[in-house]
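Before we start, here is the structure in question, set down as structure tokens.
Going in written order, the chains are labelled A, B, C, D and E, and every chain counts its residues from 1.
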Amino acid sequence: MQRIGVFVCHCGTNIAATVDVKAVAEALKSEPGVVFSTDYQYMCSQAGQDIIKNAIAEHKLTGIVVCSCSPRMHENTFRKTAAAAGLNSYMVEIANIREQCSWVHKDMPTGTEKAIILGKAAVAKVSLNAPLTPGESPVTKRALVIGGGIAGIQTALDIADAGFPVDIVETKPTIGGKMAQLDKTFPTLDCAACILTPKMVEVAQNENIRIFSYSEVTDIKGFVGNFDVTIKRRARYVKEDLCTGCGACTEKCPQKKVPNEFNLGMDNRRAIYIPFAQAVPKVATIDPNYCTMLKTGKCGVCSKVCTAGAIDYQAKDEFVEEKYGAIVAATGFNPISMDKFDEFAYSQSPDVVTSLEFERLMNAAGPTAGTLLRPSDHEHPHTIVFVQCVGSRCSSCAEKGKEYCSKICCMYTAKHAMLTRDKYPDTDVYVFYIDVRTPGKAFDEFYRRAVEDYGVHYIKGMVGKVVPEGKKLKVQASDLLANKQLHIDADLVVLAAAIEPDKSARPLATMLTASMDTNDFFTEAHPKLRPVESPTAGVFLSGTCQGPKDIPETVSQAGAAASKVIGLLSKDKLTGNPCVAHSDENMCNGCSTCANVCPYGAITYQDKEFRMPDRTTKMRRIAVVNEAVCQGCGCCTVACMSGAMDLKGFMNKQIMAEVDAICK
Amino acid sequence: MLNKTERQKEQILRSSGVNPLKCMRCGKCSGTCPSYDEMEYHPHQFVYMVETGDIETLMKSDSIYKCLSCFACVDRCPRGVEPAKLVEAVRLMAIRQKDANHLTPNDIPALLDDETPQQLLMSAMRKYSK
Amino acid sequence: MQVNEFKPLIVAFCCNWCSYAGADLAGNNRLNYPAEVKIVRVPCSCRVNPMFILRAFQKGADGVILCGCHPGDCHYTSGNYYTRRRMALLFSMLDYLGIEKERTRVEWVSAAEGAKFAATMNDFVEKVISLGENKRLEDLRCKK
Amino acid sequence: MKVSYFPGCTLRTKAKDLDFYARKCAEILGVELCEIENWQCCGAAFVSAKDEVASKLSSVRALAAARDAEQPLVTVCSACHNVIKQTNHAMQTDAEFAAKANLYMSQDKEPTEAYNGETTVYHYLELLRDVVGFDKLKEAVKNPLTGKKIAAYYGCMLLRPGKVLGFDDPENPTIIENFIRALGAEPVIYSYRNECCGSYAVLEDAEAAKKKSNKVSENAADNGAEMIVTACPLCKYNLEKSGSSIPVVYFTELLATALGVKEDTDAE
Amino acid sequence: MQEIKREDLIAKAAQLLADGTVDRVIGWKKGEFDYDVTPAVFTTKEELENEFVWNDFCGANFSKYIKKEAEKSESKVMAFLKPCDTYSFNQLLTEYKFDREKVYVVGVPCNGMLDDSKIKESASGISSVTEENGKVVVDTLYDGKITLERADVLAERCANCKSKKHAAYDELLGTEGEVLDSKRFDEVEKLEKMTPDERFAFWQNELSRCIRCNACRNICPACTCEKCVFDNPASGVENKAISDSFEEKMFHIIRAFHVVGRCTDCGECSRVCPQNIPLHLLNRKFIKDINGFYGEYQAGAEVGSRAPIVDYTKEDLEPSEAVERGEENA
């Protein structure tokens, strides 16, 4: 018979305001096996934990129930407490009387009654608990960073600096990501390339870092410390080790009409190309959709001009398999499509551009070589209208926009407006805003400078319609403070499009079994306390794949993710989860049904000799669970007809006992 | 007991099915409204004035007859507030009062020409009288 | 008039990773739902054996709801896909036996959907109240 | 294929062409338009107020009649399309409204079974796109309108509220443009195609209505259109009355010309 | 009337015993009455000639006996399998229940077996049952000869036979049949069309008669667990007899659920039920649902196939839709 102690937490008034904690402690005293029951202000505090420790010693407790907040909050705390008092840490059960009781019910009698029932269920369960010991598994001391933007770059550099090997997988031919496309950065106005490209070079030169550019992750198996990852290296038709990046091929390639994605299609590149001058790796790539040689077998100009002999038209996709101890998602963002916002005439006029396109129009390496010209006629725009929150904070229609604030638009629009006025003082610049959000170091000062020093017209209101008419864009908008409808003849309209997670994030999350929110941002293990970890062990989050962020935030989060990875990789062994499946060999039929449903391949079979009651022996096929591989989902336990397969910590009997206690 | 303002607001909200609290005051409705210049109170003001219960003022304003029910504000509102439905609810409240029809059959002949489609008369009667 | 209000007994099996966290979020956001709902934590919805559901009914539950991660988001990759098949077949069988189909439900609730959790529970409890007491599956001797 | 057909008041009077050619072309395209018996005017404007029931009953009756005939309901006039689709949506989604409407209907002389939004409503253009198919339509064209630059005028009632009507993307519609292409002509894209012509205000404020119509026709003409095509008698009336510099025709007339069932091919 | 004669079966068995292919034969032998035929193991020609029976009452499915016999020794055992038996045979192989090499299967065509309880409805004091000109002739103690139409006394599962084709054999006697387009789901559909109240009343009436004799479980070829979950003290549902009013429902629902995707619809459960509970209607509901929800699947049609309950697609229907679909059919 177990000797159970019950500890009811007040959580200040969080619980005690709606649950009569004393009554709960009192009621649970009479449950079978309970030998001690008490309540305390804050069970998780040192003093509270001491009460538990003392009670374990004094009453020789074999199991404890803590009625408190969610086990997701403090189960580990109390397990450690139990262990410190010499009790197996799995002899602890939590009754969640805060999140699932006091916080969701209004009156004291209801709350108290439910808390008692939840307590009884926990007592019933702990009565059937058995001490569990976690197994151990080794750690592969290598990290994988998925995404080679500023987030991935920073994470990889920090991990590599700590002495661990890191691989970066980037889908584009070069690392650099969105930051490489930016002109200047707010609020300091440093040139993005000037601060990013040295880091890219550092990555290329770091011996601990390998770059798999033009590659993607196609399969992930395993678990924390032991991931098996398959990386597809797409055929780039240029041998990376031979190409010197001289660029001769990209000048001679006769196929000149390929939309240049680096400049968002606002100019053209060749079929063989290096995305931009500072690309890393600085290696040419052949675009198979446009290369005449690959499509028709006729041409071969690049091969002829390549003195290094790097061109390989026969190249095939290659698959690399590698083991990793930790994986960092750094898949980044994209501006949303403007298709559904044609009231702004994005599809009707080339002079309606997104902010990222504007960034390229301002950039010295952009399609206009840094002179701000209208895409339609290459004339200087004299009136520019910036529209904020296009698709951000938009809750009316999920396929149209995003409900969240994209966070970076207010600041980059201020930057664009300011830079425009700085370079071209003869230009009228209007910014239509709903709110200007500038919570960041030196951010509001920056925005105020745009208004006060650079004379940008900030108008509280929204553009309702843009009508291209002749060379002009007729902008119809509201000025809420003047209570007027404005009609502005603009030359260029810039839309601050909402940002969304890259489309590759969703399939990646599925491969990682990492959870995502409704917007396809990765979910963090805890929104405040574990912001760079995924709830899936061994998976870490860096940059905008977790939520909208500017560059300083991304870099600091990238560093934080790196430090978590370093912490994991510096361990030699990981303690596993002892709540794993276990098959009772006497009951097992060896039918293989359990192995059919196991997502981890943790179940194997062996023939074992059994002694029969009549002293004969019999060979039987039985299931064996690999405890290091089993993650404890319990799917096999339901597939098992005879009930031979059970899940430690969540045994059939325990769950039934909980159900019984609730239904009593 | 609700006072008159609260009663009116309650009725407008129920009849329109609109929740003005969803408004984030961006003004896109007024930015897009084709009848803006004809209106004394503009779509975003309708939303705010209903929220604050200032319905009597709206009922007395000619603005309620200037709305074209083109629903541009409804479709373009980022928050799904549907200002046009508020305008309509206020207009209905106004014309449902005794002898408050904005248009009566007697007014019509003077407004017609040879080509006037039935549709116009029908919709005008629907919109302006009870 | 004295109304004898029927308080149903609802057992909610919630997977640890999504739905239990969703229930916690409902708590964090103070979203009310009836206290008749009692949550049993399981690692994954696929841990829920049909026997648990029948046992709950046997012991007097008036409704049983099973909540898991959305299909495709299972922490264990595929657990909820199996749940979906198992429960589709089980519920269809219970319906075939004449058990009111509104007494059983599967709902996918993510860790981000505290509001959905509360709304689901409110709706489910309301449906079960409209059905009244579970008479068809209960064991009379188990109920006081 | 047989469909229930709701012509609407204006198509019986001022917009006979819209109706006449719709019927003729449907025949050629293998669609039988079965006019609903004793249909009543839809009211020409959908009153969005939830507590306005009686004025929506004519639409509900038409919808129920189509349901009983097990046919989709087709309209040609964009106002009827707007009113009937919105009413159908209300019947599907607003239980309180549906209950009230059904209660009224149960008092009818020959009451039908309660209606709960079972009928599919098509605008004639949707019928061409989704049922006939623009590919098929293209094959049926006898006199392609090659070289003609035509501006599609949607106005508001075909498109909005977008979520309810589900007709096309309200900001960037393509259906009439594709229709124009199927007939062999060239569509002109212009910004005002989905803006209001102001016609509801004709009786209230003729000047204001005229201003709005002019913007539409001018914008179309500025973009090189030789002709405006519309599905709405009210839009046509207003655009013409306001002095559009280019002709305004019904889409069915255009269709009839292309299919060779209209003698007067010179639509200008 | 069966196509193959008793003598031919004995000759085949005797030949296999004689040439050493097998050392045991699983066949049928007469019990107390003509209609009471039980499985038996024969080791000599003499035993066969004396006791072997092959008639219209040889419905027993040998699959479960095969498992037992195959475990006993290293040598081969021979079994006569009717088409429906071969599905159970394959299903057991899928679950690694015995070694295929230890069994020699002789396929026997089957013309359908008779249901003694149906005969007993028309005749009491039966002394013998024979067949004359395609009709069933019953000799009774009190009423003399009674002649019955074969179709009227055919076992339900044979009237709705799903297949005359063998899914497995080493050797086939007679001619091979076809997989049939049976009407076996008609009865399920009839139930589905009832109101929930009617369905509940129907099953309440049927299941409340259960005496928990476990005959269904013991005969069921899918119930070949080392130890049944209902005998497993760790399962939380252990009980050998009905302990309360709910248990029989729980037992039958769980039993049917445990054989989902594994039940070949052999009908043995209903055949052996002393209370004549139509247990096959539970299994068939699951089979029908599986076919409807996830595509046609016949357990035991091939060895090693993956049952739908241990499989999934990302687009599977939701449990709520499953129940709705059931309603649409109704």
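The definition used in the following text is that a contact is a pair of C-beta atoms (placed from the backbone, for glycine too) under 8 Å apart; a residue touches a chain by one contact, two chains touch by 3 or more.
Nothing here was measured: the structure is a model prediction, and the numbers come from that model.
Visitor: So which chains are sitting against chain B and chain E at once?
Guide: A
Visitor: Give the chains in contact with both chain C and chain E, ordered by label.
Guide: Neighbours common to chain C and chain E are A.
Visitor: Among the chains, which one keeps its Cα centre farthest from the Cα centre of chain A?
Guide: E
Visitor: Write down the chain pair with more C-beta contact pairs when A-E is set against A-D.
Guide: A-E
Visitor: Taking each chain's centre as the mean position of its Cα atoms, how many Å separate chain A from chain D?
Guide: About 47 Å, centre to centre.
Visitor: Counting in whole Å, what is the centre-to-centre distance of chain A and chain C, each centre being its mean C-alpha position?
Guide: 30
Visitor: Based only on mean CA positions, could you tell me how far chain A sits from chain B in angstrom?
Guide: The answer is 46 Å.
Visitor: Note the residues in chain A that touch 2 or more other chains, in rising order.
Guide: Correct list: 343, 397, 465, 597, 639, 652, 655-656.
Visitor: Provide the list of chain C residues touching at least two other chains, using ranges where the numbers run on.
Guide: Within chain C, the residues that touch at least two other chains are 50-51, 55, 72, 78, 82, 86, 142.
Visitor: List, in ascending order, every residue of chain D touching at least 2 other chains.
Guide: 171, 195
Visitor: Can you name every pair of chains that touch?
Guide: Once each pair is checked, the touching ones are A-B, A-C, A-D, A-E, B-D, C-E.
Visitor: Would you tell me which residues of chain B are touching chain A in their complex?
Guide: Residues in contact with chain A: 22, 24-33, 36-37, 42, 44-45, 72, 76-80.
Visitor: Can you tell me which positions in chain E touch chain A when the two form their complex?
Guide: Within the complex, chain E contacts chain A at residues 71, 95-97, 224-229, 232, 234-237, 258, 306-307, 309-311.
Visitor: Name, in rising order, each residue of chain A that touches chain E in their complex.
Guide: 584, 586-593, 596-597, 605, 618, 620-621, 639, 641-644, 646, 651-653, 655-657
Visitor: Note which residues of chain A are touching chain B in the complex, please.
Guide: 343, 389, 393-397, 401, 432, 434, 460-465, 476-480, 483, 485
Visitor: Would you mind writing out the residues of chain C in touch with chain E in their complex?
Guide: 50-51, 54-55, 58, 71-72, 78, 81-82, 84-101, 104-106, 136-142
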